[in-house]
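Okay, got some structures for you below.
Two complexes, one shared chain (chain A), two partners (chain B, chain C).
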Partner chain A sequence: MKSSSAGWGPQWLLKMSPDKQDTLLKMLVLSIAAILSFSTRLFSVLRFESVIHEFDPYFNYRTTRYLTEEGFYSFHNWFDDRAWYPLGRIIGGTIYPGLMVTSAVFYHALWFFNITIDIRNVCVFLAPMFSSFTTLVTYWFTKELKDAGAGLVAAAMIAIVPGYISRSVAGSYDNEGIAIFCMLLTYALWIKSVKTGSLFWSCLCALAYFYMVSSWGGYVFLINLIPLHVLALMLTGRFSHRIYVAYSAVYCIGTILSMQISFVGFQPVQSSEHMAALGVFGLCQMHAFIDYVRSKLSVEQFNILFRSIVLMGAVVSLSVAAIGTATGKISPWTGRFYSLLDPSYAKNNIPIIASVSEHQPTTWSSFYFDLQMLTIMFPAGLYFCFNRLTDANIFIIMYGVTSIYFAGVMVRLMLVLAPVMCILSGIGVSSTLNTYMKNLDVSRKDKKTSKKNVDHTYPFKNEVATGVVFLVTAFLITYTFHCTWVTSEAYSSPSIVLSARAGDGGRIIFDDFREAYYWLRHNTPEDAKVMSWWDYGYQITAMANRTILVDNNTWNNTHISRVGQAMASTEDKAYEIMRELDVNYVLVIFGGLTGYSSDDINKFLWMVRIGGSTDRGAHIKEADYYTPQGEFRIDKEGSPTLLNCLMYKMCYYRFGEVYTEGGKPTGYDRVRNAEIGNKNFDLDVLEEAYTTEHWLVRIYKVKDLDNRGA
Partner chain B sequence: MLRFSLFIAICVCSVLANKRTLVLVDNWSIRETHSVFFRTLRDRGFELTFKTADDSSLALVKYGEFLYDNLILFSPSVEEFGGSLDVAAITNFIDGGGNVLVAASSDIGDPIRELATECGVEFDYEKTAVIDHLNYDIKDQGKHTMIIADSKNLLDAPLIVGSKNINPLLYRGVGMVADPENPLVLSVLHASSTAYSFSPDKAIDDYPHAVGKNTLLVAALQARNNARVVFLGSLDFFSDEFFTFSVQSGMSNKQFPKSGNEDLALSLTQWVFKEKGVLRVGAVKHNKQGEKEPPQAYTVFDMVDYSIEIEELKDGKWKPFSGQDVQLEFVRIDPFVRTTLKNSNGKFHITFKLPDVYGVYKFQVDYNRVGYTHLYSTTQVSVRPLQHTQYERFIYSAYPYYTSAFSMMVGVCVFSLVFLHFKEEPKEKKE
Partner chain C sequence: MSKRGDTSAALKSAPSENLVSVLKKFYDEYMTSTSKRLKIVDAYLVYILFTGVIQFVYCALVGTFPFNSFLSGFISTVGSFVLAVCLRLQLSSISSDRVVWCFHYRPRSC
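Right after this comes the complex of A and B.
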């Protein structure tokens, strides 16, 4: 679309040869798109400051700092005794190190050139920078699939698509930030190697795959999609030596490389998620062998041989699979994978998976919110791909269809869908424009073009074309506005600093989280253990530098469950648990005063569910926390179990004395819109240590055993 | 040098300081009637300050520091303490590490009862007494309240009660019961099974407050900060009279020339004022076997040396503790290792192998024996998993697999060489 604006360039441009003009324009458009994709992600930095956002990024930031300070081998062998007290966590072996290594490389490179940048700033700006790279890769990828025009449109689109921005704004220092780049790079190289059948591109593809594996658990999608593509090619009879070379090389090298990541380990040859790739690899060999044999034998001989081999093979592979599953060599289907296939699986079986909001199924509105007009242009792009099927097009079709399904299952996977939406829409928009641009009657300008023959079978050719071009342009303009608006309003909040609109229209900043974490850092003993719900674990370790019991890496369900039990029990029961775990401080998030709705009371039912999901918490039953009518209420009608549990008491301690809203009684909770039911109570085993300015974070100290006995 | 002398000064002070004692009495005559008891205390170096319980200048704290280390409450009938003293001040004093000896009598006032309740002991009401119709002394005046407590009823804790082979004890006063919820209360001396606690002048129309062996005559509490408190229901127990009386039961004719009161009083005061049964932890060391310094983190399967020095206060001096049953636990929520430490002249040590589970552990010595102060020492250490260089590089039993892998590689190379290069030639020759 933008390349079509060539005619209005300055005079010197016209003096260049069309080829050069073309290249210059492409580079111009591309670099503007790349810069745009970087700068549109800076809202949060401009509005707040250069901070790390949310929860997981704090862990990534902390590990990156450790990596830059201690070097790779200490990082690889890092045993973190500050988290998951008293179990500890082997960090080196339980993370994807790609992100940290990338930032460390950037950091050291910059320092080598005496650019003394702080590691925090490297982390904050890494995701925007990689989205610029993504823009470039998308262009290349789409160019390989279709043509340069489509590539430019796709690049411009992916620069600002909200579905991708949601995970890559400045400060959102998470695996996904670089993983999307790795994924598209791998795909592009895969297409390149499929098209050329060269070992060189295949090896590069395997390397890109290795980078992808090292940076995000989502690589599983990739290692299933590529085999699926190969399988589809086989079924459509497009299997060739090019594909054989490409897939065999990518699979072998890629698998061996991916096993070097200690978190991945032997999974590529054991777990069921990787079996498809292995199976297709075997099929490839068989297909190639059969082709070879077929070329040597007569048709009848071949048919007999083929049938017997297929039968044998089926029997052998089935029995191997059965034995493998029975002996546990092929690991059972993990929960996260099940929840991909069956959206209700996790909810029914694993509360810890279901409790994460980004694991919830996607609503229809969020498709439009995150992708806007791409949802409409996507089928158009598909149509154009089907129109002219090639090996590469089949790939992008499969990618589009599967990722649409996965994005529907889990909000988080919108991220995987966004790039393919951009690519297919890019193809769609570009093809549409290509078609209709030709029909435009531009004779007014260029007199030499002859109005040779007006096509009578196509009336109003020019008008229709003009209409379509205007329509598409309008679409693209609204898309730009929508994307910028969404980025600014929805995805640029760091969530560590909250802001709200005051009555007079000004911004109020709630900086309570950092206030509380710094209080912990400066006022508690170095080895104090802080209990909180797991959401805040990473932030506490990174910002308060204190030992915590559970964090966002939810690797030990029973330990989290133990904390859930403590929160859901009465004070006495909770005290036993807290003594057992050597807890010194308890931290809760409370939004009742400010109206911050994602606080611990609203998360409380998950604590109850997770707490009750293990043997030791069998006495905690979700039903006890509801009223007989089945409601979750915190007012006088609420269930007595809820009104006397530790979490309730910690949140509402002294809250009964406070006026929160005009015309309402004291202790009026502004999130639940109710007057609390249990007002004047004392804490027996805890004492209030600190409450932040807006009561968002409340910290309690666990009392010692009474000096003189019970 | 200055620091060193300061240290010595502090040490000297602390030895002396443990002896500052405030004695609160109902009236000055108690000094005379209990002169033997007070003299033995003075002889042992206690610096006694006598005051009446309603003295308006009473204070335990001055400028945020305690003025005394020990408190003797021989003022059972006090209705309100004088000065800044009240029950809260006394419990505060206990929580600050002060030791208290309380003797009550049948004229027990509210503050003393309240104080006892704070410490997990419940005195019977005013005007009641422990009555025993079978074990009373012949000097009793007909109400059977001057009872004989058998020394067999003493708690089996030599540190607190001294020898159990002493003459029977004379007792006249109010009874107590221990709070069953409170795990720290020790029943040092209980009455015999025929005793009960009730007002001697009234008809029994209600179930007595304490009956039989539940009736405590002497109760002790060692708080979690090792402050010690002893409650006696009988102020007369410490009197010169009771110390010297002969004991003869009203029922049998067995006679003892002298009561055991003085012996028990001696042992009790030695214990309550921390002259006996006081332990302290000296240096705690742990390191990998063959090394000197503790590492940043241990690795699973390490052999670890652990040693702890424990000293006991004997005759005012710290001597190596001679106990043989001190145990070490290596705890991560639950103990993974529990072992008895070897005592070599007060230095308890052990070498053991760390478990194969990584995590944050504590070396924990939790020595809790009746009579001794609670000795508790924890040291937190991390136990990390093996580093990537610490695993076996070549596993012996895997050699067949290594061979098969390498032979396979060689085979493929040879095969492809043959397949690619030597295939054409015979064809050419044939043709």
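Right after this comes the complex of A and C.
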């Protein structure tokens, strides 16, 4: 076989059998896709530095650091008294530990081999690495659904799809980075167990489900989609003992394992979100039993038995459900998930959920921005799935349809839609190319003899096929360009470091946030308490290492409302609240000098709404902060309540003396594009402690009580 | 429904076709047609069912504290029951004397 002395050349490649060529090609494509998915997420590391982005990842980073330093036992029992002063937070019982444990495992494994990578770098690069794994799992998943060709296309698509990149870029150290991998792994193992009906694959699926539960709160989607799939199979008459084995094993083992996570606790047997799985489990047992009985009896006898059992069963289950819901044993749907079914619920009732920008409904432009070509190829993939309906295809159809609905309700859930879009588009593209490439006529010389089985459905088969292949190739190429452009421009900003172009073309870096946090860390006492809006809580605890009042966990609405009241009241009222909460320093973000538009004045109306939503804040009414015409203005026409509240004074203290733009008066706010109304005032109860270089972060110290009283 | 009504009326005239007789017929059929191996597995299933029911009734009477214990005991009975049923399916598909149970079996390429 190896007789040729030419060695490693093209002859070696061509001498291989078609099977080996096939395998080599697949491995090549897959490794290129995996490497590509890792490298396309590194834009921000190359442009700035290896730093953790945004807000939530800082909390995950802090907990991971704690885990690697203190060990798992301390981590699991951690009570944090440096957040939510004076309440504290039970961190061990209120997080999903999968992400931290994964990072710690990698960290210890690397250190075991004396590869001393700092924990921060492990955290920054964890998400891109898991995206490579996701690419491989997507290939396997689509191969189970259709064939290897579709798998390769789907893997290549998911490597660069912007909807997934947005939450898994290097530095975005958040639950979703590993959760998508766990979700696809669970689904792939579920499909495998449905196809084979073996206990081995079902148990593996349950273990993958446990990993998924430990990593993200979105596991509720899985525990509802899998029973829905089983229900659909029952209704279409495809229930068999394979499905019974697969679902029963996955449900029993998966439920026990999911209750091992402290945050999940007893929810799988008590909350409404998990009741569908329990119901379908019961239905599975009954269906299997009925099939067994039916095989033993004749038709009429079976009908008599069946009718009486159904009557009894319906009465019993309805009464149990009614009693359970009425007595409160089965808790109703929580706010976060209820707002998925009724999108207007959060807007009307829970301002905190409504204020997060990620929870807004998705626009059409977002769909195109995040998915481009996939939105068009997705229906084609659905069609091909319906064409050849199997148990596994029904699952992917349901997954696709439900994800489309949820992605339409909440922008954040676009992440859940991206993988299924890639899978179905992969199926669509691969099937289209399969159909048309059969018609390609490669033999150019021999035109006189036609093929034996030519069919005359339409003329010019060869030309049409070539045209279609070119078209699909062009689509895929534009998809690549679009995805890379989107990743580079939109999803690679660290948010903690900003950059802009100066007038002369040079780059200015705004590192104000870290400057302020490190000032706090080095210039304030260890037990100082800092009040700020909840967005910045995680960053302050992670980088400044000081106690804070409220942070991004937003678990206590009343406490946040108290902070909102302090920000929205006059100085004297706010001083009472700040003395009550033992506040030493106050931190605000101000973008008026630089034109940074996500500052606290733009968020101020949310502070007013949340502050006014509890009893003690009933005197704060949103209408007071608008002009009589109903506008929100900060200039002379602005409402006096607004111009005298604490947030206004903190942001614009001494700003009235500053020139910001040529040709404009002093105190010109570059975000609101107006000259401020209340200049030249003094602060009574605060004194300015620190303002960063570009005035982005302003820190004030709360004055102590007077020495001699009133 | 009317046609079935005729046949069931015709059958109802024969006093043997009511719920109790159906159950008895089912029991006879079961006793004669299942192999010894399957009967042992079925006895085990009934035993596990009893332990599960007893635990549930106890919990309903006495209260759920400590909930951990109740859950672990109950779920282990449910899990053992399910695994034994999976074993039974495997056995009955191997023993090909009565393949009728598998009439819903669909090969995996479907």
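Methods note: the second predicted complex is superposed on the first by the 686 of 710 C-alpha atoms of A that agree within 3 Å, B and C clash if a C-alpha of one lies under 4 Å from a C-alpha of the other, contacts with A are read in each partner's own complex, and residues count from 1 in each chain.
The definition used in the following text is that a residue touches a chain if its C-beta (ideal position, glycine included) is under 8 Å from a C-beta of that chain, and two chains touch if they have at least 3 such contacts.
The structure displayed is predicted, hence computed values, not measured ones.
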- Task: Check chain A with both chain B and chain C modelled on it and let me know: fit or clash.
- Result: clash
- Using the touch definition from the top, say if A:76 reaches chain B (first), chain C (second), both or neither. first
- Task: Using the superposition on chain A described above, determine whether A:327 touches chain B (first), chain C (second), both, or neither.
- Result: neither
- Query: Does chain B (first) or chain C (second) touch A:305, or do both, or does neither?
  - Reply: second
- Message: Contacts for A:629 in the overlay, against chain B (first) and chain C (second): which applies, first, second, both or neither?
- Response: neither
- Of the two partner chains, chain B (first) and chain C (second), which one does A:87 touch, if any: first, second, both, or neither? first
- Query: Which partner does A:581 contact after superposing on A: first (chain B), second (chain C), both, neither?
  - Reply: first
- Using the superposition on chain A described above, determine whether A:297 touches chain B (first), chain C (second), both, or neither. second
- Query: Of the partners chain B and chain C, which touch A:238 in the superposed model: first, second, both, neither?
  - Reply: second
- Does the superposition put A:266 against chain B (first), chain C (second), both, or neither? second
- Message: Between chain B and chain C, which one contacts more residues of chain A in the superposed model?
- Response: C
- The only stretch of chain B that collides with chain C once the two complexes are overlaid, out of 188-196, 260-268, 368-376 or 422-430, is 422-430
- Note on the structure: Intersected contact list for chain A, partners chain B and chain C none
- What does chain A use to touch chain B in their complex? 73, 76-77, 79, 81, 85-88, 90, 92, 262, 527, 547, 580-581, 704-710
- Query: Can you list the chain B residues touching chain A in their complex?
  - Reply: 91, 94-95, 118-120, 179, 181-185, 221, 223-225, 227, 229, 297, 332-333, 358-361, 380, 382-385, 387-388
- Residues of chain C that touch chain A when the two form their complex: 7-8, 11, 17-19, 22-23, 25-26, 29-30, 33, 67, 71, 75, 78-79, 82-83, 85-86, 89, 93, 98, 100-106, 108-110
- Considering the complex alone, what residue numbers of chain A touch chain C? 195-197, 199, 238-242, 244-245, 248-249, 252-253, 255-256, 259, 266, 269, 288, 291-293, 295-297, 300-301, 304-305, 308, 390-391
